[in-house]
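Here's a structure for you.
A, B, C and D label the chains in the order they appear, each numbered from 1.
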């Protein structure tokens, strides 16, 4: 089966990673690519290692009015720039939006694919979770589902590689010399991803109000996200959550799921590099009624293009793992 | 005035940084260096950029019985290996122990130099704080001193550059290819630095019991520590701490102190690289009664050799800043 | 078709990369893995992101006497340690030796797959080129084949990422803190790869004596090799080689070949990361009769496991690109 | 003695490093700083670790008409932008130009301070060598002075850290994610530094015509330059240069000079980081009449601000090492 797909935002890191994954997907054919800075150039000019079959595809200027016939469109546009244009995409073109404009928007499924694949299958508009939420929610979902933690008292200390800030240019904060050997906290008490995480926590916990502190940090590496999450346990007395209980909850929750690995060692970002895997780990201290949850993803994999392809598989009725079985690149 | 100093543990990162600082110190003369792996070689073999005056100093095998006449000895030995040997150093040789064996040991001052210089001046045995405690306690001290936070409920998410793990060799976890592009949490719920931090918190808060969660992470950079610290405020109702109150408390606490910079932007590790500076920043959310404190140091500067030289200045009656006025290396 | 393959040396970087490639190969089944440090552990203990189907494979202690029935064995052992053991592997097990012990050894084909696939197809013992030779020879082959350069006067300034030095541990030279932000030339005038390069140059140039200067450098990055090669042109007067002539020679030489990309921009190491691609570029100055050739590979891809799988494909009569069509990981 | 100095171009890496060095210089007082992007802000806004005494200096918009009374002006402006403005600086203000506009310009001394200090002392207009020329010429000078190599046949394979490309912003090529794990050759056969190197080679070799190939590479590290230089020996028969002859020539040439270290190991960039040191090493193969010279500097130290301060010391009649005795930062 050949499914015709397009990517808008091919010049960015998320769009480029989508291209890489689609290029070796057994059912997807990339027939359209659009980008801002790179319009007019061939795919191989922008990606010297692009597969031979895609090398001569000309990158177009993004305009929903000139789309070719497509089955699926991957959109990877800066947040705030895509809502109007994507609304003009024909209804029979399924869309996976990697960007931030449609998370919990009306008519869009929230594509947390490992957690609720059934809410995604068969939909035609899916909003990919943000990269921080992907790491965070994958780790928290089993604890919330089993009521092991308080949804109202969660501290997320999140760390991302610098590709999470998008491509350089125009912003010296992300220059090599400025970023290398530097660790930078930012956006304290006001990060854009908080509402998305809170809404999902509430759904996962059956409606309890979520309360979050979210502190992102830029780490001098290209890819990778680790969320270290400090939670208050919900149990009382001898029922307080132990490390094993948390691990077991996660093993149950993700039993039979392809992309989430439950680990009894603290997960490291490099375990996921280049893959669609997520790693979750836990450490609990019943005496203090504390649970530490850890979630690791590649911010461009499960945090962006990997999960987008997984969502596209779900909405097209393909095996969820199609095109996503590459093992992580190590070292 | 010429003060005769020695370094034991010159082959390690802390000892090497002590050598660098002492080499441009106006009153210290390095007359003795001892090391394990490098015994028998000249200082210039080990440090090709060593100052000309020190290049030919021969590194000796460490033996307290063969010490030359010294005024100050800097010890930078692996934790667990120095107690017995340092006990045999003559009483008239002042010791600053950068290693971990004498923190809160009997007869030793705890050398948190920016916080309590008076407890160090005139002492002859000073134990340098660990690198994580240095970053953490410098940020927390003003809040504890003014009672702005609960000492019993503190979550420390700490991140260190890899030189904090000591020199490579023998441990592939710290190999370049394994560590680069990798972010690694470790030692969950059982980090060795916790007792030292708890004891100091209790002293700073007038005896209230401290309760800590401490999670260290290895970050792919050579130098630098950031502690992001989540605290519960102590105030009630309209008295809950605001960001400005925390900043003001820190400005008051460190008024006239040379090495601590209070910043209203989140501090970045690179601001401190190569220097003895510490940066502290705060963000509070009175509505949730939350205070986030951030402390940044160079783990080999204020976190090791820089603070050691500062302590040596204090115990020798020198100006606290002698030899420590170098600005950070940037970029 | 299912081909039973094994890897010996799975704990090393080359062996690990072979595992990654084999895991998504359409015809290869990994049924045996042996390693030194990791014997007894499951594959997933060593590679947390290993594909689910391989996770429980137990790594064995390497012993040719206990090999299961195999069609192909990939050997990735330290140079100097494999000759005797590989001689004891049954003759019907085809071997691709990624290590250095059988290059131009009797009975072994030299597996420069992009240059002479016909010399490899149907063989049962193939020695993979070294990583430096792979980058160098891929760039030089077209020039030598068309007689554009003097084989007797070639200066190779080669740069490799640190995974080229093998796994850390035991050698602090490759520790993160020691290697990061450091660029290190080594092995001047006596690099182990020179004979292999010289022999191949002589074959490619029809027997002319090769003369090489080879200077390797360690670059602070994990993967990637660039060889910048300074050659004297062979043409006289108006026949001296131009940049375009060199590029055309390479386009002719590699016409129809899947893995070598001829580029008119200077090639960058990141173009190849994670793939089996090689990039070659040229700049000539006829006035000075100078040709600069540049070759880029991923040292673990084309420089090791990628080329090994390509060689295995050739000896098994599979399509050369089977399991090797993954695009490079970028950024 | 207090010498009033100013810096124009304080926002750039070279200007920032000049600030760092001047801040701990025993005779220089920074009384003026001008910058493009940062005009109007305090020095401490731009450099959070700036020494307390300089923190409140306000960065001005650069205008030679509004200079305060100065003894020395350090100019660190992009090449092509400074000639006209610097011509308007009063004649009694001595200028050291770190930028590229006055190298071998009329009336300007070429400030190769370690090689010909006498040509600099007492001058009022000194053009700092470029960073690549600094590394290259320091290594070649002794060989040229003793006639050990042919000036007409020199291949320079040069590698620089990314701060050599200037501050990020506006150019995504130098973004962290694009530059990290990437090694990039550029500017083949047409690098801007060639004329400056050729002119100096001709002076050092007593007028023989220089012939150069110069290939720069961007290395994923912040600071550091290594030039690996391939030369043809000048000697004949048994007089061909050996490694020892080259080392001895360098030791003679730099005898008594403070900043050049002759090393019999291949020099590494990290040996120089943060210092004004240069390291030179040699490997010769008399049989092939080949000499490899290697030069290492910190591109912002000896390659920019360090040499600028050294030149300012020379023109002010101060000890050459004033303010420059800091040992390299390691690791």
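One rule holds in what follows: contacts are C-beta pairs under 8 Å (C-beta built on N, C-alpha and C of every residue); 3 or more make two chains touch, one makes a residue touch a chain.
Which chain is which protein? Per UniProt: A, B, C, D = N-acetyl-gamma-glutamyl-phosphate reductase.
Every value quoted in this text rests on a predicted model; they were computed, and no experiment measured them.
Common neighbours of chain C and chain D, listed by label, are A, B. By residue number, over half of the contacts seen at A-D repeat in one listed pair from A-C, B-C or C-D, namely B-C. One simple way to say how far apart two chains are is to compare their mean CA positions; for chain B and chain C this gives 45 Å. Rounded to whole angstrom units, the spacing between the C-alpha centres of chain B and chain D is 34. Mean C-alpha position of chain A lies 38 Å from that of chain B.
Shared interface positions of chain B, defined as residues touching 2 or more other chains, are 13, 161, 163, 177-178, 180-181, 220-223, 267-268, 273, 331. For chain D in complex with chain C, the residues that touch the partner chain are 155, 157, 159, 161, 177-178, 180-186, 188-189, 211, 213, 215, 217, 219-224, 226, 228, 230, 266-270, 273, 283, 285, 288, 290, 292, 294, 331. Those residues of chain D that touch chain B in the complex are listed here as 13, 16-17, 19-20, 23-24, 47-52, 163, 180-181, 222-223, 258, 261, 263, 265, 267-268, 271-275, 277, 279, 325-331. Those residues of chain B lying in contact with chain C across their complex are 13, 161-163, 167-181, 220-222.
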